[in-house]
């Protein structure tokens, strides 16, 4: 018998408890990614070459290097500068910053898709650049990119197991501990895989639904 | 990203690397990091090869295979995209031995990461093939070509060009995900970084240098894929230029 | 050579072709004219097996095109049978549909080598001959993107002819061209009409060309042949009101 149901049911409640940490990290990380991503996007589109250039370099740097190293960096290096974060916060911060760079690209695409006429109309009405951005551009730019952002929510969610590397007691770490305690990895790790699969499938179905809704709104 | 910003980033990274490498005592950790870099590159290359093969097989199976093979391909794509890369890696490393199949850590790493990226790659391949206009298929019918012939000689060569940039992104994702193998005892760059960190406590220098090495490899991939794109589009771009 | 027998095509509720009967003799040149949406392009696309037939049978050289005989009845053709009949037909498209990643010469040798199994040398000889015939002997190594629309369309004609079809279909082959390039393509068609023993079906908006070149003109209206006859009759003395309206509208415009 490869699969031990009794053991599976024994570890399930423990894993369910740990999944709360996973979900917390996902939600907090994604909120950070959304906010920081928008800031990155706006800074990248700045007229000031120094600001836009520096932002581009930072964003590309973060995007081109592994999240795991970034987690280590925040967890191990920041304390040298007197910033001590607990493992959960350090991990969530790294997740948020990493995915902010992806979100910023999405925002940028959305903003660049706004026709020039909208900017010109705002100028003609003598709106300030800030007001134009806040009231005219952003409200039009965000809805079409919601599905793309949704994809990154799912991607971020699937990367939360990396927090196990700094011993955050999320799903993966809990499964590993259960496995080593009982010398059986099959059930806990497979259950974790199943958990991610189910959530991802639900999320992508929801995302496709949102996409269809958006495309019908667009046609109206 | 635009070529100019790549070049600027590369120069800054190189300069920053020099600064860090010139700190006294670098000889304590540089050799270890270089060994780790080599392992990272090997896993990236192996994974990339597997990913491309898996992606093409899965995409073609999903698009043109008979029903059971189509379902199989869909299952592969959905499972590997739907679960996390680290879960897949741990599954191969911790669970498979308990089912009686023991792979070396290196094998587990290449298999897990290659199949993971391959599942995303399958969608890239599918998108590339679907991106070739219907007109081209109609032309092959009018010339009485069989579907496999049309796919091989007419559709795939055109789809291939469109696939290069997304594959470049996937290879960078692959490179980034190789850092996970440090968690299954492979002494790649990330593993070495932690090891050196514990041995020397030069935390800032080591992790910064490691980030720069990863950035360097990413830039190499970006350059390589751009070169490939230039070569592949040679005929078409030459045509457009006149 | 080609016979449509009770052929019907629907898209959902819309009937594009309604119980069409059409008989084309060997080496006959038939021009198909009519307003857009009248089903004229669909006739060619069904003959090229690009569209499924909802009802009826098309015969090419006496053999049913999309159906094959089995146990005395007709069943839907399999791929192998379809390909054996399809070899008799060649098509030139409105938007050329050249292969952008291949040179002009390779465009014309690809199918002869890989479908007909010709040796490379023989396929190239045949392709060069045809390309010279359409006046493109000096463009063999070019990629399609570097050619003008008229040149592209002449390559497409050579490419189709390289397969030695018995029936050639021309689907609005000059509609995507700038006006000054139309003449060179029509000249190419005129020439191969003389050089080869071809049956031709062409959907066209070039009334002058249809009048001069075709043996018969079919005016399509609402999925049916509304009126047909020799060009002099259709263009000079159309009998039916719709035909008159269409022709006077077209002539006025152009």
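Just so it is clear, A, B and C label the chains in written order, and each chain counts residues from 1 on its own.
To be clear about the criterion, a residue touches a chain if its C-beta (ideal position, glycine included) is under 8 Å from a C-beta of that chain, and two chains touch if they have at least 3 such contacts.
Protein names from UniProt, one per chain: A = Ectoine/hydroxyectoine ABC transporter permease subunit EhuD; B = Ectoine/hydroxyectoine ABC transporter permease subunit EhuC; C = Amino-acid ABC transporter ATP-binding protein y4tH.
Just so it is clear, the structure is predicted and the values come from calculations on it, not from any experiment.
Visitor: Classify the inter-chain contact topology: is it line, ring, star, complete, or other?
Guide: line
Visitor: Measuring from CA centroids, which chain ends up nearest the centre of the complete protein set?
Guide: B
Visitor: What chain is the most remote from chain A, judged by the mean position of CA atoms in each chain?
Guide: C
Visitor: With chain centres taken as the means of their Cα atoms, state the distance from chain B to chain C in Å.
Guide: Chain centroid spacing, chain B to chain C, equals 46 Å.
Visitor: Per the centroid of Cα atoms for each chain, what is the distance between chain A and chain B, given in Å?
Guide: Centre separation, chain A to chain B: 21 Å.
Visitor: Centroid from C-alpha atoms only, then distance chain A to chain C, rounded to Å. What do you get?
Guide: Their C-alpha centroids are separated by 54 Å.
Visitor: Where on chain B does chain A make contact in their complex?
Guide: Answer in residue numbers: 1, 5-6, 8-9, 12-13, 78-79, 81-88, 90-91, 94-95, 98-99, 172, 175-180, 182-183, 190, 193-194, 197, 203-204, 207-208, 210-211, 214-215, 218-219.
Visitor: Hey, which residues of chain A end up touching chain B in the complex?
Guide: Touching chain B from chain A are residues 2, 53, 56-57, 60-61, 63-70, 72-73, 76-77, 80, 158-162, 164-165, 172, 175-176, 179, 184-186, 189-190, 192-193, 196-197, 200-201, 204.
Visitor: How about chain B: which of its residues touch chain C in the complex?
Guide: Chain B residues touching chain C: 135-136, 138-139, 141-147, 149, 153-154, 157-158, 161, 235-236, 238-240, 242.
Visitor: Which positions of chain C touch chain B when the two form their complex?
Guide: My answer: residues 48-50, 79, 83, 86-87, 89-91, 93, 95, 97-101, 103, 110-111, 114-115, 142-146, 159-160, 163.
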